[in-house]
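Quick one: the structure is below, questions incoming.
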Amino acid sequence: MDAWAILGSALILGGVGLTFAALIAIAHRRFWVWEDPRIDAVSELLPGTNCGACGFAGCRAFAEALVGQATQPATCTVMGPGDIETVAGFLGVDAGETNRRVARLLCAGGCEVAPPRADYRGLGTCRAAAAVAAGGKGCPWGCLGLADCQVVCTFDAIWMNDDDLPVVVPELCTACGDCVEACPNDLFTMMPIAHKLIVQCRSPLEGDAIEALCRAACTACGKCVQDAAPGLIAIVNGLAVIDYAKHELASPAATARCPTGAIVWVEGAQFAERATPTRSAA
Amino acid sequence: MRDTTAQADLLRGIWRENPVLIQMLGLCPALAVTNTVANSLAMGLATFFVLVGSSLLVSSLRRLIPHEVRISTYIMIIATFVTVADMGLEAVAPDVHKALGAFVALIVVNCMILSRQEAFASKRPIGRSLLDAAGTGVGFLVALVMMGGVREVLGSGSFLGYRLFGDAFEPWVIMILPPGGFLTLGFLLLTLSWVRSRRAPESGVREWPHGVASRRAA
Amino acid sequence: MWTVVATLAPIVAAATYVFGPSALLVMFAATVGALVIEHAFGRPGSVRDGSAAITGILLGLTLPPGLPLWMAFVGGGFAIGFGKLIFGGLGQNIFNPALLGRAFLQAAFPVAMTTWALPAGETWWQLRGDNLALPLMSPTVPDALTGATPLGLFKFEQTATPLWDLVIGSSSGSVGETSGALILLCGAYLALRQYLNWRIPVGVLATVALMAAGLHALDAERYAGPLVMLFSGGLMLGAVYMATDLVTSPVTNRGCWIFGIGIGVLVVIIRVWGGLAEGVMYAILLMNALVPFINRATQPRRFGARTAPHTP
Amino acid sequence: MSGDAHPHGTSPVPPGAAPPGPPRDITPPRLLVTLGGAGVLAGLLIVVAYQSTQPAIQAHKAEVLRAAIHEVLKAPDRYDTLYVYDGALRRRLPDGVGPQGLETVYHGYRGTTPAGFAMAAGQPGFQDIVRLIFGYDPATRTILGMKVLESKETPGLGDKIERDTAFVRQFDGVAPPLSGVKRRGGSRAAGEIDMITGATISSRTVIGIINATLERLGPALERYDREAPR
Amino acid sequence: MVAPLTFRHGVHPPDLKALTATVPIRRMPFPEEVVLPLRQHAGKPAQAIVRPGDRVERGDKVGTADGWMSSPVHASATGTVKDIGLWPHPDGMYAEAIRIAVEPFSPQAPRPRLVPDWRGLTPQQIVQAVQDAGVVGLGGAAFPTHVKLSPPKEQPIDVLVVNGCECEPYLTTDHRSMAEYPERVHLGIRIMMRCLGVARAMIGVEKNKPDAIAALQATLPDDLDVSVHPVTVKYPQGAEKMLIAALLGREVPSGKLPLHVGVVVQNAAAVATIGEVFETGLPLVERIVTISGRGVRRPANLIVPVGTKLRDVLAACGGLTDDAREIVFGGPMMGAAQASLDAPILKGTTGVVVLTAADCKPPQSYPCIRCGRCLDSCPVFLNPQLLSSLALAGRYDEMAVHDLADCMLCGCCAYVCPSNLPLPQLFQLAKTALRRRKAVA
Amino acid sequence: MGNLIWILVSAMVVNNFTLALFLGLCPFMGVSARVSTALRMGAANIFVMTLTSVCAWGLNTFVLPYAPYLRLISFIVVIASLVQVVEMVIKKVSPTLFRQLGIFLPLITTNCAILGLAIFQTNRGYDFLEGLFFALGAGLGLTLALVLMASIRENTELADIPSLARGMALVLIIAGSLSLAFMGFAGLLSAT
């Protein structure tokens, strides 16, 4: 009995195996869709946050693009240089140059320097506030300080300081653009981290009119225009506007005589934890 | 998959990527047979045996197995070990085997095992695969025993059969019934994430407003 | 919410009258359990909105009078903790917390939850069971006090209970299975005050009555008559106070009809063909699970969706 | 190719190994060999295991059965296995008929005197199928004993049908057909079984199984008992 | 067909009109300064045609219409242009505005007949005159009336509906104008019917204004098919779609305009204004405004020069009481809260309501308890419960799928919500967010 | 006939594979986030289960009597291979469907529910028809559980779940509640 059983079973299983091997071989011949294995490999290397900052629909799409040489690893804003190198090396392609960008806030008017003119009692979100009499903030262009941007930032790169201004931590910011989308007053812009000279104001009002509303406002006094390299800064309806094409000409000198500190020279984060309307921030 | 050290391979599965508590794999046995610690242990050990065995085989054959039939082959290998384990258990401890019912046989389809073959054993050298398998197996065992502990203590007032609270104890029958399984695991997960949150304190994110938040007047 | 609590007062009083101090103790324990958990894990001050109190009292009303207090307490805690707070607190829960709590108790302590005390006779002050059993310890039931519920009697012993006893509630059963008439009264008031959507109780009761009548006509021996069906078990309480929980019932009126009718059908199915004597709790819970679906299916038709027939 | 040998130590597929070209042609022979081989290998392993475990397993199964019969037939000296074949009990089947799928009845003997029949049957209970074995003596027309083989009834309620000795004892020596009653205390009339409070359904199931089985096999049993070989 | 004289759903807020319902309209003294924003109407803002330092007389055009979907702005007082620049706008932002320093002792007599006599003008010429007179809707959206008066050919209009419901609490602007100037209303109707070439006009007035109804009845012209219809008192009866449903039983398709069912709706005060404009020859430089609410000392119906600052208007009514809390332009249901006392009265400002702490809803609100009452109140049959939870989750695109666009922000849902959720505010912000997204894309 | 009905109902609600027997939980946790997907998953399951039931019946009647020890392995191998073929077909025919259920098809193949079906069917000695009803009931029950869970989960997305409970903990507790509710069906149609 034993011998038979052993042989029998071996044969049966072997037979089963063979049958299905054959079946699969056939099916495989007729139905198989080839897919570059490197795509899986690469998407395993990618961070997998699916933030879309690379401009593709999620990390796998990015991986496909990479394998297809349609883009360069460095366009992923989440990976550190090391990881980017890894991917590049794995695909045997050039990493491409990183031009890291971060979100910058075009407002310095926290609750201390730009006080509310009316008491807003409503939903505690900037969007909601903006819909009701501009949130009752003195400067209707300014930051409402209700932290929509902080809430949307998936990378915890934004926190609100004591002055109710959002502080962007450049190291954490991946330039995903969510805060730009979130802010009802369009106070965020994406800037190359290299751009250090920033006018932190968006109000078209000039002179006393705005200074009455916000002590950190750009009053369009024009001093920065004189102090900066010619043609770098210009006053355009009530605001000092920097021509970033010429940014290499910029220097902290431009901020020297600004009466309100609306124009600043930024290294790292824009505001300090305990924010005071100083000139160049921490 | 990032580069890993041998030690990491071993430890990963035990806690940080615990198959049941973190990866939510192999839930069926984890819920079905954990109404007593004894069953949990038996199940855990059987699974451990199968996992290690099949990882060994798969990773040593990994160069021979064509990509297209890998799943079938893995399953065949796993099934073999399971059959062996099944018969073994039945011969050695018939009562436990009866208690576990079909779930010993069902180890074959424990998603965890297959996923380990797919994700690891089929790509790594034997040594590493063994480590990984061992780690994962232990992790599974740990999770099962935790479940079994909670369920037996509450559900029968005993641990490994030793009555803890005396005879007057009123057993929480639900813990042995199906809902108890779900609730217990859910409760374990809650506790875990609570522990984790204790370790890494909240980064002071303001809570998204429910209803109306009164704005600080200046 | 506190209005609802107020309307529960007469029912609580009636329960106490029928089952004696035990009833009061059980409800108290359940409510305390609910409030404690709400206070510990709920939003600050959320105890004050009264919903936890309602949950607790309603849970208490669905328990057997003789239940050990510690069980009632555990039930209340579970109801709020896993029935409500897990989902984000007031207004977010899927299942009716009180009933989830009861379902938990019934599955956890089936024996204790199916030993029914007889209504208090002349010995009103006497406890209806081992209410004071030590925590985690099983009750020792004085057998003389226990009896079967009218539904149990009918289903498992083919003995009917006089209808009048049902209507005034002088039959053994859970604390709240007292006077159906009284419950209806309170329900009517709540409906007037728009605290509940009248369509649900009407849907439930009408369905049960109709189906029961039909079956009764087929075989009066096997199937109880409509009135018995209506006034026995937790149907009244369930239809009026539990199915109508605003949070866990559909938002649309059409949805409420569907919801109510569904509950009615399930109640009859479980009572007649199921293994359990009473099915109200499970019927409501099952329909709760369907509510997201119902809401989705019964969206209102927006104004102007109809293409205007006008041609001047 | 070992993953960690890779320069960046990260990739499951090293740069060279992925030909971006058309599908690498897969060879049926290789497939067949692999799966077939694996099959044979597996087969061998399994059978070896089977051979080595079977004796123990069978022994245990037999032991369990023996114990059950022993209990419900009140300790017979021996029993022989009968098959129900076209409405009659047979010690041995006509040639060409296999025992598969045939209902079995166990006929016990004390010395040479028949000690009744034991038979197993099942029906849906509260949760799932309840299977039990019971002994019946056609001579005295009484049930000898009942034992639940497997049930998924609720612990603490339904499972009293196996654990609650008071309930199980009731079946020793009652005369079928059985009927379940719910009376608290009081005496029982013939054939009445006091059902477990809170587990009426399970109790009913047990009673139902016994009644149904006897209804089905009763005549056959009696006939066999009459002309049974002493 | 039989007209239901009301619509389904809606709510019954207390109409607190008693404060001003019987107060006769009076003229307020001219302020020292008027501020005329160039954006006072739906459509493109007007363009300034004066320079600082210029002297303008009452009724002079200071801003000209920028194309067809726009409306001119006229000086509402004689004086000199101080400055043209950003000034607080009632919508909470800043907007281009012309500031005129009013001459203290000027008689404020307008030049004779700036608007031609309508008799003998062709419909086109009348429409042109209406635009030049700067007439816009006074009922809400301040939609340029001349646009309404020239419907596209392929859309035949058969009824003119005059909207005299004024369903918002407190407001009595339309009420008083109908009661005191019924002839002007009828003249306006006559002119509009001429332009639109319709044979039929219906005036819908809520039953709670018997005197207005009586006055209109008394002065009905016998040569025109004009009828007055007392409609049920229910909010928002005045919403044009609801009113059309009530009067004609026609349902304006969602996303479509009244004219798609052959109707033009015009607010009563606006109609009266048209009559007035052609009667006096003076363009739209002042309007009747209800100043009401428990927060103002002497509630009144004032004739206010357009551009008068909120602060001056309140002064004319004896100022604020001490417990005044919130100032709203328009009614309490739909009106816009004001943050600055410098905001000027616009052509479209129906009223100024000053709420006391007691009046305004407490800010405290609870999570939605899915009671479903909002669904039973929404006159356009939306699902505010779903919309609000989507809004709180920030899932605006799904809101669009659930017909957010049809929400007219009437506030019925918020009115009935037992959890006191600020639903229209949520929908408002969702709408703006979506608009921004579209703009970006 | 009554027997068949009982098999169907019992497999569907009384002993629901997911909520009472803990079979096929991985897909249950994985694909229950969206109702649409859940429906498709359910359909796929019903299909595979019917397939399985037939295979199991075939093996039981023709192969296994001669080699009982091959039960498990032959079940699994046959089912697995069949489904892998199906998988390839789908991948070819409808890439979108494949992307939605893609990774789960192998999981379905080798998920407890499927094999469990085969084993139970064998243990209970169901014949062909009974087997089919059993598979149908099990499949329907699985779909029911999936869809209910999915619709509830879609709802809870709008609720502000306490951060501790987010994710699987909540899903498990909902599953627990569902399985509590399903206990109401216990004893349905049983011999009372």
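The first chain written gets the first letter, and so on, giving A, B, C, D, E and F; residue counts start at 1 in each chain.
Please note the rule applied: a contact is a pair of C-beta atoms (placed from the backbone, for glycine too) under 8 Å apart; a residue touches a chain by one contact, two chains touch by 3 or more.
For clarity, every value in this text was computed on a predicted model and none was experimentally measured.
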| item | value |
| --- | --- |
| Given chain C and chain F, the chains that contact each of them | B, D, E |
| Pair of chains joined by more contacts [C-beta pairs], D-F or C-E | C-E |
| Rounded Å distance between chain B and chain F, as computed from the means of their C-alpha atoms | 20 |
| Between chain A and chain E, centroid-to-centroid distance (C-alpha), Å | 43 |
| Distance between chain centroids, defined by C-alpha means - chain C, chain D (Å) | 41 |
| Multi-chain contact sites of chain D, meaning residues that touch two or more partners | 8, 10, 12, 26, 31, 34-35, 38-39, 42-43, 46-47, 49-50, 126, 154, 156-157, 200-201 |
| Shared-contact residues (touching 2 or more other chains) in chain E | 363, 366-367, 392, 419, 422 |
| Two or more partner chains touched - positions in chain B | 1, 68-69, 72, 76, 79-80, 83, 87, 173, 177, 179-180, 183, 208-212, 214 |
| For the chain D and chain A complex, residues of the former touching the latter | 7-8, 10-13, 15, 18, 20, 22-23, 26, 28, 31-32, 34-40, 42-44, 46-48, 50-51 |
| Chain C-touching residues of chain F, taken from the complex the two chains share | 147-148, 151-152, 154-156, 159-162, 165, 170, 173-174, 176-178, 180-190, 192 |
| Contacting residues of chain A [partner chain E, same complex] | 117-118, 121-123, 125, 127-128, 130-136, 140, 152, 181, 184, 204-205, 209 |
| List of chain E residues in touch with chain A within their complex | 86, 91-94, 336-340, 363, 394, 422, 425-426, 428-429, 432-433, 436-437, 440 |
| List of chain D residues in touch with chain F within their complex | 39, 42-43, 46-47, 49-50, 100-101, 123-129, 200-201, 204-205, 208 |
